[in-house]
Each structure stands twice: as structure tokens, then as C-alpha cells.
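Each of the next two complexes has subunit A plus one more chain, namely subunit B in the first and subunit C in the second.
Coming up: the complex of A and B.
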């Protein structure tokens, strides 16, 4: 394996770790559920994508062969992770978890009853 | 019909990829599973999607735009997370959307979630508005024009070729 590939793989792993660390620090630092979902939803998706890319490149160049599983899991995670953070935020809002006191505005509040009635049908 | 055959083939290839061995047996098993899945869920999904052969290349473009925006979103959130003073002004704003159809609305909501500092919280029952949680709403107009300008336009290009 050439030095170049090794550097690329190392950089990908490093960046993935930084993104995941950012997600973790975001959970600790941000004030409410909704802001935390920002850090969590994006940070973990990108971190895992970086790791999977690194794994794919590494195993391809070390002669094991193209690992389609890691590419597929990359795609599935990229598509499904935002749905997860959306659903957590939505569930939190309808459960009544308040926004942070520093929040500037809340357009959903006035329409919330209406939407809740609509959702009750399901 | 052509779309259904194509989707069955894609499902078979995904199955081959997941098992990790390219043999005739796994491919046939994948084909069988694909036929079953398409027969069970295909009709409903396809009528909802209205997917067409023409959509495939724009969809792939959309995926790469999605990845790029994901990277930008991450850098923005990272900068916010590690900045010594927590410089955020969160809030929920109402954004009008013009995309039609459940699949495209889901796609747009996902993309908004992955753009810098925005997160879809709720969709109005008539599918006309998104309620988007923003980390920083100093400039509401620029957030709305960002969403409408890049993603909505791109998605409309995909489903209205």
C-alpha cells in the first residue's frame, strides 16, 4: 500500500473522529433538545461516513477486495439519520419539552394544537 | 413496468452487496426477494413516487449535492460547538414549501435537516409549510432563500424534467 493511500485513510479517520467528538461536545454544550439534535444528527452522520470511506479504501488497497457492505451502510446511514433526528425533535415538541429560554421565536406554537388534532387520527 | 424490473435488479444487487459474495446463487436469491418486495410494496410506492427512467441522473446529482451540503453543515456546527462563547439564537420558523408528493417532501425535509443550522421539526397537515428549527435566526430571509433557492429548485428539477 502506498504512502499516499495511508495518508488519505489516516486523514479520513482523523476527520471522522473530530466530527464524532463535535457531536458529543455539542450534546454537552447546547442548551436544549432541539439544538442538541443539530449537533447529533449532522456530526454522527458525517463521522460514520468518514469511517466507512476509510474502511472501504483501506481494505480495497490492502487486497481484501471491494467491501460493498461498507459503501451500502454509508448510503443507508446518510439517508436514514436525518429522519431519526427529525423524529426525535418532533416527538420532543409534541411531548411538550420547552425550547431554551434564549430562543427567539416559535412559529410552531400557534399551529401546534391544529397539527396535534390532525395527528390524532393515525 | 420497466421501472419495476429495474428496481428489482437494484434490490438484487443490494442483496449481493450485503451478502458480500458475487455468485449466481446469491443473485438468484436477491432477485426472488426483489420480486417479493416489489410485489408487496412496489405498487403503492411507485404510484406515490411517480418515478421515471428520466429521474435517475438528477437523483444521483441530488445525492452528491446532499453529501456536499452535509459536509458544509458539519463544519458550521463544529465551529459553533467549539467556539468558546455559545453564540446561538435558536428558534422555530415557518417556511412555505412548494414541493408536491410525499417522497419529495420527505427528501426536502431530510435535506433541510442536513443543511447548516437547520432542522425540520414538523410539517403542517396540508404539506404547505415546514416548521424549521434554526440554530441562528439573525437573518431569516437568507435561511428561507437558502432552502428555496438550492434544494427546492433542485428537487423540482428532478420531478419535473
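Coming up: the complex of A and C.
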């Protein structure tokens, strides 16, 4: 049983590190601001969730006790990190950072045009 | 016994972790990967062409530091460091939201702007309106100057939109 918990904690740590590495490679290699945000938003959220789960299990297992702070930061990161990435992406779009030339769809542009036409009537 | 421990030594010895054989190796691997991630994020902070890139990369630097704190606290065997991770998470979220406000509208909190009523604005729409009192005209002029001083990024943004509009046609 002890070996099983150790393997679970090790795999969680490894998965978290791999997710963070995916985000880092994405931010190095992707061509566009929005692509980089996409890679980072998913990678860092998932990676830190895995790390915090591993920490919680390890502390409970090793006799330190139930670490409430790690559970709290897990929940907080899982809620707040996607919101933050979304707000930054929306601000970047409205600021006017251009899309990559290989981008296929831009639905927000049509919506913005509708809003602009509506505002032009008044 | 892990590699990093033999290389650099450890502040305090965690007796629970010394009995394990798989976990210390994985902790070393994860620590090295997190250091590499931190270097990647710092490269994007320095290089990044847009302000949004730098903001997101700086927030991810916080996440990498959080993961390093988690690994270090597992190595040390105490859960005291986890509150540092919680504080970094909260500060990162607040910084992210305020930076997005700054990118979008040029200022974080709208204070000090002179606000006109809708009636007053309608009243002053044609400048030759003789019925408008001098006080109201002064107020409108002050408001125009204030917005022209404050909102340089807004003008830049409108230029961007204008350029995109022209390119589409």
C-alpha cells in the first residue's frame, strides 16, 4: 500500500511537470499571442492542480496532517487561472493585436461589427 | 538519496523521504523541469512583442515558482511553505485582472475624469448653440482636454481598429 501511494504521488508530480513543460514549449514556439496564451492557460492550470494534489496526498500520507492550504490553493488556481487568461486574451483582442496569418476563424470580429453598427445608429 | 542532495546538500534532512526510493528521483526531475520552464517564461518576458505576452508570461513565472515551492516543501517534509504558494496565487490573479484592465482601457481605475450628463452632452452637440451657458461650455472643454490627455492608448487602439477596417475593404 505504501508503494502504491508513493507511485501515485510520483506520477502526479511527473504529470504536473510534463504539463508545465508543454506550456513552456508552447510559449517558446507558437507564432501568435493568442496561441501562446492558449498553451499557457491550459498547461499551467493543469500542472499546478497535479502538483497540489500530489502535495496534499503526500502530506496526509507522511503524517504531517491534512494540508488545508494546498487544497485551498488548488481550488483557487482552478477557478481563477482560466478567468485571468480569458480576460487578458479579451483585452489583447480589443487592443488590436493582429491574429496569426494562418488563423481560420474569427467569430468575435463579426460580433464587434454588429455592435459597432448598432452603436452607429444612435 | 537524490542527485541534487549529494551535489548541493540539504538544509534539514527529511527522514520520511530518505526511506523512499522512487519519489526523490521524480522530485529532482520535476525541479529541473520547473527551472527550465522558468527560463522559458523569462525569455518570453524579455522578448515578447506585445504587452499581453509579457503579462501572461509573468503570471506563469508565478506558477513556476509555486511549483518549485511545492517540490521544496515536499522535500523538507513541512506544509508551512504552502501558504506562500497560496499568497502567490492570489497576487497573480489580482495582477492579471488589473493588467487586463490596463491593456484594454489605458487606466486601471477611472477617477478624476469630468463626467457630463446625457442632457448636457446633447445640449452641447452643436458648438454654435447660443443658448449654452459659458459655464457648461467651459466644463465640456475641460472634459475634452482631460480625455485627450488621459487616453493616449485609447487613441492608439482606435488607430488599430481603423487600420484593420481599411485592410478588410
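General remarks:
We adopt the following convention: the second predicted complex is superposed on the first by the 109 of 122 C-alpha atoms of A that agree within 3 Å, B and C clash if a C-alpha of one lies under 4 Å from a C-alpha of the other, contacts with A are read in each partner's own complex, and residues count from 1 in each chain.
Just so it is clear, contacts are C-beta pairs under 8 Å (C-beta built on N, C-alpha and C of every residue); 3 or more make two chains touch, one makes a residue touch a chain.
None of these values were measured; they are calculated from a predicted model.
For the composite obtained by overlaying on subunit A, subunit B and subunit C can both be accommodated side by side without a clash. By the touch criterion stated above, A:90 is placed in contact with subunit B and with subunit C alike. Residue contacts after overlaying the shared chain place A:37 against subunit B and subunit C alike. Across the overlaid complexes, the C-alpha centre of subunit A sees subunit B and subunit C at an angle of 100°, to the nearest 10. Of the two partner chains placed by superposition, only subunit B is touched by A:100; subunit C is not. With both structures placed on the common chain, the touch criterion links A:55 to subunit C but leaves subunit B unconnected.
In the superposition on chain A, A:82 makes contact with subunit B only, while subunit C stays out of contact range. For the pair subunit B and subunit C, the model built by superposing on chain A gives 8 Å as the shortest CA-CA distance. Within subunit A, the residues touched by subunit B in the first complex and by subunit C in the second are 18, 25, 37, 41, 67, 69, 72, 83, 85, 89-90. Subunit A makes touch with subunit C in their complex at residues 6-7, 9-10, 13-14, 16-18, 20-21, 23-25, 27-28, 33, 36-37, 40-41, 44, 47-48, 51-52, 54-55, 58-59, 62-65, 67, 69-70, 72-73, 76-77, 80-81, 83-85, 87-92, 94-98.
Every residue of subunit B that touches subunit A in the complex is listed here, in rising order: 14, 16-18, 20, 66-67, 70-71, 73-74, 77-78, 80-82, 86, 88-94, 106, 109-111, 113-114, 117, 119-122, 124-125, 131, 133, 135, 137. Contact residues of subunit C toward subunit A in the complex are 16, 20, 22-23, 25-27, 29-30, 33-34, 36-37, 40-41, 43-44, 49-50, 52-53, 55-57, 59-60, 63-64, 66-67, 70-71, 73-74, 77-79, 82-83, 85-86, 89-90, 92-93, 96-97, 99-101, 103-104, 153, 157, 160-161, 164. Considering their complex, residues 18-19, 22, 25-26, 29-32, 34-35, 37-39, 41-43, 45-46, 49, 67-69, 71-72, 78-79, 82-83, 85-86, 89-90, 93, 99-100, 102-109, 111, 114-115, 118 of subunit A touch subunit B.
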